[in-house]
Every structure is written in C-alpha cells, then in structure tokens.
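When the chains are written out, they are named A, B, C, D, E and F in that same order, and each has its own residue count from 1.
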C-alpha cells in the first residue's frame, strides 16, 4: 500500500485493484448517506465495478492528471479524497472527497484536505485549489470554510443529481493565501 | 463550407484544414489586439500550425464534445466562436470567442453567441451555458451582460496569461432563463 | 445544424448524433425501395445503430477523408449524399447517394451532386470525381449521365448485394471537364 | 524466410525487416526503370526507409488485408508482387507488381501473378482480382492480357506520377473465369 | 500458405485465419494428450477461438516479436512450433512446441526445432535460444537433450497448470555452441 | 510522495515526474559504480530523460504489471527497487534493484527487498519471486542469498552489457518458503 502520511492517525493511500472489495464495502455501508451528494453511488453495485474503475484512476495518476486515494483513519478505510483533473497551464486543480458517517466529527477530512493542499502547492507546484460543494451540503462546505478558502461564486444548476439540478458553491484558495496563513 | 446561419449578415462555419490560411491571416492582422486576452496567440506563427490544430477541433466535434467555428460577417471571416468541452452528465458547456477589431460595434458577437446558445439549448438539449471573461476584459464581458447572463462568481487567479495570473468572471445562463426571456 | 447550401430549396447538412432518429425514419419509410441497391439497409434496424455510425462519419470528416450529409429539401430530410474516401495522392474521390421515393422527380439529387462536385473541385482542390452505380440501377445512373460524366468502364461482379454479385458501372468527371462545361 | 512456392524456379517470400537491404538494392539498381510507373521510387533512398515500411506490410498481412512479397527467381530477389487491400464484403482485391530489368523475358511475372490469383481464389476464397496498369505501360499490361483478364475500363487521370496525371486501365478476372480456363 | 522449408518431409507454415479449422481439429483430436502440459487447451473449444487468436500471432510476427507456425509433415498438420517473445536487447528468445500423438517417433519435432534455431541464429541474428519444459514432461525434454542444449536450471513452481504449480527445466543453447556442433 | 513503509529508517516511494531531478542526481553521482551491472546507465544523461521514463513506470503500475520505487534511507534517496513485469497466470514476478555506494553496508537493500517480497506475496497474492544477478556481481547476489532464496540456475549469456554477454544467476523464492521461514 502506497501512502501519503497526513499525521499519526491518518494516511492517504493510492487505490490499487486489490483494494476494490474494501472500497465497495465502504460505499455499501454508507450508501444512503453518500448518495445525497454523489451522483455515481447508485451505479456502483459490486466490487468488480471498482476493480474496473481503479485502473482508470491509476492511469490518471500516471498521466500526472489527478490522484484518487483512500483515507485510512487509525488503520481503517473511512473515506476517499482526490485531486481531480489538473489544469497545468493555469496551475489549478480541485479537490473532492467523501467520508463514512461513523468517522465524522474527528477532523479527519479537514486534516486530509490540508495534506492534499500541501501536496498540490509544494510537491506539484500548483497555484490554485478549488473545492466545489452542493449549496445545501453543509458538512462538505464546512471543510473549505474551516480552512479559510474564499467563497468565490455560485454556479447555478452546476450539477445534476438523480434527475434534479442543484447549485454549486465554488471555494478557492491560492498558494500565496495558504502560505501566508500557515507558514508565517 | 458547412455553416450555421445566424441571420442574413452572419454565418458560423466549421473550420476545415483548407481554412488554415484565412484563419492565420485573421490572427496575424489582430495579433496585438488578441494577445491581450488569449494565451495562445504568441504561439501561433504560421498557417501550418492552424492546419495541425483544426483536425483536433473537428475530432472534438466528431466526439460530440464541442464545436469551433469561424464567424463570417458579410462574407468575410471576422472572428471565431466555439462551444468548448461539453459536460454531458451535467448538461453544461461554455462558450468562448474573439473578434477582429474592425468588426467591432455591429453586434456581430452578441448575435453569434445568441445563435450558439440556441444551438446548445435546442439542438444539443443542454441546460446551462457559461461564459468566462477576464475581469478587466470589458468588451468580452459586455456580451454576456447584454444577453442577461447572471454574474455568478469570480475565480481568483483563474487564468495565466503570459506569466501573470488574473481573475476570471463566470457568467451563466440556464435554458429556462433563456426561454423565458426570448420566447414569451 | 451545419449546412452546405445547394440552392434556395436544397441544403446538405452534416449528420450529428442528435439526427439519428430522423435518419432512421427516412430509411424505415423507404426500406423496400432502398434495399434494392444498398447493401447495409437490412442491417440497420434501430435509431441507436445510426447513433453509433454517425460519429464514425464525423471522424472521417475530421480526418479530411470524406463527408456524409443529409439532403434537406424544402426543410425536410429526403436523402443522403456523401463524399466517400478521398485518395489525396491521386486527388480523386467518389460520390454516393440515395433518395426517398417521394422526393424523386424534382432534380434534388442532380443538384445535390453538382454541389458536392463543386465542393470537391473548388474547396478541396481534387482533380477527379467518380460515381459507381449498379448496372441496372437506372435512376442512379441517370444522375452522372445528366451531369455529363464519362462512362469509363464496367467492373464485373463489383458488388455483392444480399448474396448475389452484380456489375458496377464507373462514371468519372475531371476538374477540367467540369470547369469547361459549366464555367465558360 | 516464409515462402509461397510458385514452381521449381520461383518463390514468393514475405518481406521481414531483415530483408530491407536486399529490397533497397533491388530498387537502387532498377531506379530509372522503376520510376517510370511507380510513384514512390524517388522517395525511397535508404534501407532504413524499407525497414520502416516492411512492418506496415506485415501488419496489413496480420489484419488479413493484403500481402507484400519478394519474388525469388533461381534464388535471387528480382521483383515484388503484392495482394493489395482486400474488400472482404465484395470478395475482391487487386494485384500490383514490379520486376528488375534483367529478369524480364522469362515469364517470371506471369507465373507469379498466376500463383497469387490461385492464392486469392482458393486460399482466401475471393471472387474477383483486379490489375490496374498505366495506359502506356506495355510490359505491365501484357501480364493480365496474357492471363486472359477482361479489360473493363479506363480510369481517366487515375494516377498522379511525378506531377502529371495519366490514365489507368482496369483489368478484372473472376473466380469462375479462372477456374473455367485453367481447371477444365 | 507461407512456409519455411525444414526438409523434404517437413514444412513450417505461418498460421492465417483460414487455417483456424484445421488447427482446431488438431487440438480436438489430441486434447487429452495435449492438456497434460499446455495450460490453454481446455479454453479452446471452437474454431472461432483460433480465428480470434491467429491475428494476434500474426501481429506479433509483424512486430518482429515471435512466430507461430504449423508443422506440416508429409502434407498434413501434425503440430505447432513457435518462436516466443524475442528479447532484442539481449538477443535471446525461447521456442515452444507440441505434436500430435500419431506423428511421434519420426524425429519431426527435433528437425523442426533445428530449423527454427537456424532461423533464429542465422536469419534473426540472435545469440541464445531457450527451451522450457515441465520437469516430468519426458517427451518434451528429450528434444533439447537430443540437440545438446545445456540444462541450465530448474524454476520451482514456474508454471501453473490447471490449478497446480509444477517445476520448469530451462535448457539453453548459444549461437557459438550451435555453430560449433553442426558447422565444423 | 506515496510511500511503502519498510521500517523506521526506510521507505519506498513511487517515482513521479517531479522526482526526475533527484533520481538523475543519484545516477549521476554513482555512474561509475552503477554502469558495471546496469545496461541503461550510459544512455541516461539528463533529468528530462527520467521525466520521460517515469510516466511509463507509472503506467505499468496502473496496469498492475510492476512497480518502480525510490529507496528513502533516513529521508534521502539512496537507490531504487522495482517489481518487474508480473506473470499473473503463473503468479510470478522478479525484483530488481541498485544502491548508491555510500548507502552500502547498512542492510538497506536486504530490508527493502524483504518489504517488496511481503508486498508481492501478501498484497498481490503472488506465489513466486525471482531475482536475477550477474554471475560476478557479488553485492547483488548477496541479497537473495542472505534472504535464503534458492539458486535455481545459470542462464548462459543471459544479458548483454555494453557489448559483452555475461551469465545470469536465477534465484527464486516461493510464498510457502517465505512464510515458513519468517512467520513461524
């Protein structure tokens, strides 16, 4: 398992094909919870579907165009976080994530997002990280707000979720903001 | 030449390889003007470079993932307008454009954008069209404002232009807005 | 819809995926009529098959290797005409076509073929256009004869149609013939 | 060396990359002679160019879409003969060839063509073989005439050769003709 | 049929798609015999499966990365022999084979392997040929031993055969050994 | 940086494009030392060559066909270790490695190989791991011997190194050996 260390409790690991079952089980146990905001949840009904999609994530990683990882909290898979498509010309990317219900309330996601922001700014040399949340997805929005992202706009009908469009809030943080806040 | 009729004065045509010279000449004559807001202008220095990129635009068209056209105003090529990558899941796309200086002031671009919005909503069945403009690019911003797009946000450092980042304004219009405004 | 104007009554348009249903209906209504001379008619039994083949035609267009269009006569799809594979080394191509029964007798196909010949000679810069017809397909053969193509040969057993070979007549016209006949 | 036996004196062998030098030397020695009727001769100026094209011929063979062979006459490479693209739907193909000057006059090509016709009709199960010759290429035309092909037509400006178009004669033979002539 | 002549009785021919039926019949008649040592036998249950795999073998041939042939003994297909993946950097390859029961005892395989070794050393210019046999596959091991290969090692659990691992003996011969033994 | 933890001192990390410079420097500093046994050393003369090859390693990882990592010893890159092509049918792979001179003598490589063997047997579920060493490469051979691999054979002329062939020793270890030795 290839991991990016967040802190003593949390590690992010690259999904490989042999992780398909544990990833499926995570989704399976949190299906009701996750489907509120993730459009693909209803389509994923067996480990073999994850076994098919994981190589695509790794290929994206191989093309330096994003990273999809599992979040290990005290040794257990409790969620996923990803650097999505990278716009190398404009040195910009976005981060997406989801968390098992039972792991909520420990700052797991805030710490994981912080780690990937560091990764994006200091290892990849990017200039901007975006997080996009459904307008009424409070838990998701709490993450960028806690990390002092700037709310930059509202994309009307930005996402279709099970037949209904809803609005998307864009949050952004720039490398100079981040360094200013956390590295003085 | 395969054209989409805008009105009696204006047609949009799909660029094909044999249009490379006229497209190069358009850019060549408006180089100073265009490079203020378009990142690729300095890189395009010969017709053969357009001959190389036009097949990529046509391939994108073949994959139902965007359309790049030339704007014919009274029979002359005066600019370009494109439907950029299409997000079919969320039924959303964006439109980009540029115009020769000498064709400004006749509503050419406003009419052309209107035509592509109609195309996007009525032929492709999309739900949302976005226009992204540099914050200080007044002429570009005038188009979505004239067409009553909603200003939805400001993407900080959204684009790198010749070594300097600048902010990007996002404008959006939805199919229901458009139909409500123009088809009552 | 991207169109090549033939005259006030007729336009040729590039098929795109959202035209699959109207193309299917054209074939469906003229099935008996068309299957006499077209080998693929019996294989096309649903709009989704056209939805699958249209992107291949567009890809051929993107590779500058042919164009497949629908014929709009007074605003209605009444047939199809195509520039088939282009032999760029020898500057030569062939044209194929079919027409709904109810649109026969108005010169629709003769005018459409003329337009594509103009396109081949003046826009693509080709030197030779060929039309191949089944020996006993009188209506098809009438087109090149009316346009003063030269009958250049008979390919014995040139085509297999539903299990039986039949002979193919080759008609050819050269750019210099065409210009001599119509542009003096 | 993988060979198709023609008779005691002649064998046809599949070109492989390690044959590039001998093929280059054949062309080199017969350059003046060959360039009269073959458009590619002036472009081939080193063995490495043949080393690059031979894998493409083998790939065509692997796709069951043609065979390019060298003609061994009394153990020496004296020419080349090929089954060109195969139209499997219509069970038709064409044969092309060229011969070193010094090997002319022994019936080498007539025998080689006969062998490939047998191969096309009896091993591949095709129905029609075509040979296309420049109108004034007497030696080339003598082959299909000697083998009683039917002259089926003249393609005006069928080929461009070093900047000048010339007419092409089409000869055809059908499986039933061939079997009738040679196997009674 | 493209053949490599071994001697007056034996030829090796490149499998082409139209040979699928005869190859299937060979396997079908020797199924019990062959499945003892070949992992793929149980998976091949119709000629169409060979029709699918033969183009892959030909493609490997086109890429100069191996050759799969049928063994013709007195005009009848009695087995198969292949040059497997070629390691061009280290100038090394391996040979694999199988024979119909009824053709055993005539030296068919020893002579065929000799011919492919000559081919590998003298036509392809390789330096080393390897043969890998199951430890208890006496008939297979007899071939390299008869040809004075050196037994170089035993790969424990080198191959899985129907759910059970077994050990593999590696035999090797070098170009200089071969030339020393047979060409003094 | 995505790492596989070996122990408190050693981590293995997946090479990504932004590691090209440090990898180049490792090779540059140990060029004399490394070229004795690695065929590619003389060909790698700039960081950009590593930048080109790293995506190929990641692609191999994405295809579940091997892993190429850097060895971090006390936070510094001191060598590389890789799982090479995986034979999934036979559940077998091989491991290759090299180490900077200054990091020798601390058991770095023995511990790293152990970790990858664990990875191969317990995470990937393989059955056999092979290590191939030049016969006279004492330091390399010491690793499998220390880990109680079985010496299974000697491949004569197994590798070409700067124009000279040399013999290769094959060492193998099976999952059942490994579990027996280290997990009783």
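The criterion applied here is as follows: a contact is a pair of C-beta atoms (placed from the backbone, for glycine too) under 8 Å apart; a residue touches a chain by one contact, two chains touch by 3 or more.
Chain labels with UniProt names: A, B, C, D, E, F = Ribosomal-protein-serine acetyltransferase.
In this text, all values refer to a predicted model and were calculated from it rather than measured experimentally.
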- Task: Look at both sides of the subunit A and subunit F contact and report whether the same residue positions are involved, with over half shared, or different ones.
- Result: same
- Task: Report the chain pair from C-D, B-C or A-B that duplicates the D-E interface, where duplication means over half of the contact pairs agree by residue number.
- Result: B-C
- Compute the distance, rounded to whole Å, between the mean C-alpha positions of subunit A and subunit D. 61
- Message: From the mean C-alpha coordinate of subunit E to that of subunit F, what's the distance rounded to whole Å?
- Response: 32
- Item | Chain centre separation in whole Å, for subunit F relative to subunit B (CA means) | 52
- What are the residue numbers in subunit B that touch two or more other chains? none
- Query: So that we know how the chains sit together, what is the shape of their touch graph: line, ring, star, complete or other?
  - Reply: ring
- Query: Beginning with subunit A and continuing through subunit F, what order do the ring chains follow?
  - Reply: A, F, E, D, C, B
- Inside the complex, what are the residues of subunit B that reach subunit A? 39, 89-92, 127-128, 130, 150, 152-160, 165, 170, 172, 174
- Listed in rising order, subunit B residues that touch subunit C in their complex are 1-5, 13-14, 16-18, 55, 58-59, 61-64, 123-125
